[in-house]
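Sending over a structure as structure tokens; questions will come in a sec.
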Amino acid sequence: MMTTRRHFIAAGAVALSHAMIARVATAQTPPASAGPVDPALIDDLVAANRILVDQGVVDGYGHVSVRHPGDPQRYLMSRSIAPELVTAADIVEYDLDSTAVDPRGRTSYLERFIHGEIYRARPDVKAVVHNHSPSVIPFGVSTVPLKPLYHMSAFLGGGVPVFDIKTAAGGPTDMLVRNAALGRALATTLGARPVALMRGHGCVVVGPAIQMTVFRSVYTEMNARLQAQAMALGAVTYLDDEEARLAGGSVGGTVVRPWELWRKKALAR
Amino acid sequence: MMTTRRHFIAAGAVALSHAMIARVATAQTPPASAGPVDPALIDDLVAANRILVDQGVVDGYGHVSVRHPGDPQRYLMSRSIAPELVTAADIVEYDLDSTAVDPRGRTSYLERFIHGEIYRARPDVKAVVHNHSPSVIPFGVSTVPLKPLYHMSAFLGGGVPVFDIKTAAGGPTDMLVRNAALGRALATTLGARPVALMRGHGCVVVGPAIQMTVFRSVYTEMNARLQAQAMALGAVTYLDDEEARLAGGSVGGTVVRPWELWRKKALAR
Amino acid sequence: MMTTRRHFIAAGAVALSHAMIARVATAQTPPASAGPVDPALIDDLVAANRILVDQGVVDGYGHVSVRHPGDPQRYLMSRSIAPELVTAADIVEYDLDSTAVDPRGRTSYLERFIHGEIYRARPDVKAVVHNHSPSVIPFGVSTVPLKPLYHMSAFLGGGVPVFDIKTAAGGPTDMLVRNAALGRALATTLGARPVALMRGHGCVVVGPAIQMTVFRSVYTEMNARLQAQAMALGAVTYLDDEEARLAGGSVGGTVVRPWELWRKKALAR
Amino acid sequence: MMTTRRHFIAAGAVALSHAMIARVATAQTPPASAGPVDPALIDDLVAANRILVDQGVVDGYGHVSVRHPGDPQRYLMSRSIAPELVTAADIVEYDLDSTAVDPRGRTSYLERFIHGEIYRARPDVKAVVHNHSPSVIPFGVSTVPLKPLYHMSAFLGGGVPVFDIKTAAGGPTDMLVRNAALGRALATTLGARPVALMRGHGCVVVGPAIQMTVFRSVYTEMNARLQAQAMALGAVTYLDDEEARLAGGSVGGTVVRPWELWRKKALAR
């Protein structure tokens, strides 16, 4: 196991070793809690899990987290269960090494490092979704770039990078972002963008608030579906850069409208 | 802001300035109400919102309006909420400048000018739907014309124009029809037709009654979906002009059949 | 009106004039009833309407009929309402001229002649479905023949003819099979087959019992959907003629299995 | 009938005749029961039937079995009804000749030999699903191989063979695996793999437990759907062999997550 890991780092991910060392060091003592959060935020996080199911973005897999409002070094996410089953009691607090503050025997998602490392790299990000959004998968295994074809997905305008875990790890893996090094590599690919595809896996979506992040997840799926259909018809006119920038701003201001609907239905169940 | 707007008009929309001046002038005093309408019409409008959701034509966005039966200078539409949540209490009366008669703090859809300007340009129109109907989006960003491939969508027979807001505005915008000038430009593109696509956005559908307008919205979506499938098979035989004209008339007379079903289900929830 | 009709017959449908004359002659006196039928058959007919909705074969349009078990010159079908709303009280008895025995003010489907003329031409047929089954529409406007790609749709094996109403009528129409002449032309195109597509319209499906006819309607839709997908992948191996013949027989013997499920769910609502 | 069968064996399935003779011999006396099983396993089997419906893998057809935990020569499967209707009372015990231990008048699935012969050939297999999974059908009639495009379907990595019943039987059949000889031929095509497609029919999916077998059925359908979409975009990067092997192992360890969700929903109805 250790041999494999050492080989892995040597093979092409030297720049990532820093984060791994940090993780090993801090793994010894459980991190302290940043304290309780507003129950409404927990409700939003529970709702987000169910909304992503309702909208066809996640199935029995996928996860959504929110940064702790009281401490940017902490984030909140469900223990390892299917998103549809998540309740407030399942929410666990993590530090940015993705170590649970108070696990109490609760299992964590193997890929929680996606969340911790993006929060570390992106102070502007307040929520992260990882999913296997079906229409997005084909774009992750193709050379066709995902591009915004209408205003609802204008946030895709700056380009959607594709993370190839084989390159990041220097060879074949089990495709899972199962440690801080891989999480850091994904965060590097994501850069300052709202969405990155993951080859042979799914995607990661981030935003300045949970509502916006869920919104972007929903319309990334929709754009992928519609872009594939449009390409089948022939040449496609995408939003130009300035349209994407302007529409992204305007549509971003309307997110509360679908969110209210989605949240109401999600929590009514 | 004013500079931008002036530039915009100068750039290629001089003919639209009239409507804008009218809007600025009337914006000072709230318009008078044309009086109450039959509650059954309000029920139809509420039902229309839900039907469009049930039929997959709108999601958390999109809006439907009906012209005031007592005054052609007024129309009725929900305040700015998701269509699925609309109830009778959410219906607001607007004048054709799209100024709310009695807003009472209720927010209006940013794109209400679509409705006001079409009612102004088209005395025959009694209801307007604006949506992001998914199968229609690809046709709006393609050069492939939407054409009727069966009798249910025969109303598309005269051709379906595509509104490009970049041309109308003389440059990139946020894609939203957020003022009277753009609404008027869209109405010009629509001309005497029942449907116009909006590039990178969605479409607008009109009709002589709310039932027919909802019907046309549903079968525009269906035709787009089926046309894409038919084109993938090879050459397609569309309705010829005379078939479209005749079928449009005959099928138009049967709209009450699905409407009764749709309305019953929509209002039972 | 009469001129148009005379022109129509002259133009290319001389062979059909016989049926029309018969219809005119018998239209004067309401036909006699063949008597009441087993309520279980009415339940099956009501269930069939709802099953076709549940299975995505019909929407607010489409109709299903069953031949009267006590008199081959009569058939039973709902009055003109959406299939999902049909109850036992809506079932009307018709003669083969498609004249209602006891209309009591109930409106008939405009295209009931599809049913009457097929029952007249095909003594083996005990049930008829007319629908706008979505995946089937593209095949009706294409030159690509619908062919069975798996055992569930083996009944398509003998070929699926396409009825072009323009040819039958000698020119453009409103696409509706709105009289006995057109119904007879459709029956001629159908010949001895279980399914005929209708260009720019939908299809007609027949069988020796209502269960089998509903089954065939469901799997015609499914085959069309899957055949389009298979063709997009490349060359397709269809069932050969002997496989289709053998599988059609074997699978035909299992129809009760899905029927029991479908009926139970349909009548539970 | 006997002539046909003799011809069939002579024509190209001589190697299969052994199994058939065994079946004829044992059919005379009903096999003994291996005794009752844990009711939780029966619940899992009932749940599996409903889960496959919920996930769109089976419709009114298809079946799932589990090997008897107390005797590898026995398996458990529903009598011949639609999967959605299966309850604990419908579960029948079979020996590997697919003879019911205690039929009590209950009809068996015609194709139960799929299960018996795979259990006989594959001691590692504890559960078998046979379905007409819609997105999989096109791959069974095409020369395009089904390949894993993401980690969830990594188990497809070793290749997915296609069973052609015409080759196995030496000529056209009714496409049904209706005897031990054909079941044995299918098991031979399957070899050591988890999935085999069946040309013009569907597929068979096996695994070391019922949870894993249902999981594989669900993600075989999903992979087929997404692979077709990805191929339409252009060249596809599939998991490489080592990625498939590693991901198959890792993802295999997480099957309990969706299973808990699926089972809870299936049994709540």
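Per-chain numbering from 1; labels A, B, C and D assigned in written order.
Quick note on the criterion: contacts are C-beta pairs under 8 Å (C-beta built on N, C-alpha and C of every residue); 3 or more make two chains touch, one makes a residue touch a chain.
Computed from a predicted model, the values in this text were never measured in an experiment.
Between chain A and chain C, the least number of touch steps comes to 2. Taking CA atoms, the transformation carrying chain C onto chain D includes a rotation by 90°, reported to the nearest 5. Note: centroid distance chain A to chain D, computed from Cα atoms, is 36 Å.
Distance between chain B and chain D, defined via averaged C-alpha coordinates, is recorded as 50 Å.
Of all residues in chain D, those that touch two or more other chains are 232. Taken chain by chain, the contacts form a single closed ring in which each chain touches exactly two others.
Taken together, the chains touch in the following pairs: A-B, A-D, B-C, C-D.
Chain D contributes residues 59-61, 80-82, 84-85, 110, 132, 134-135, 137-144, 166, 171-176, 178, 199-202, 228, 231-232 to its touches with chain C in the complex. Of all the residues in chain A, the ones that touch chain B in their complex are 149-152, 154, 222, 225-226, 229-230, 232-240, 242-243, 246-247, 249-251, 254, 257-262, 264.
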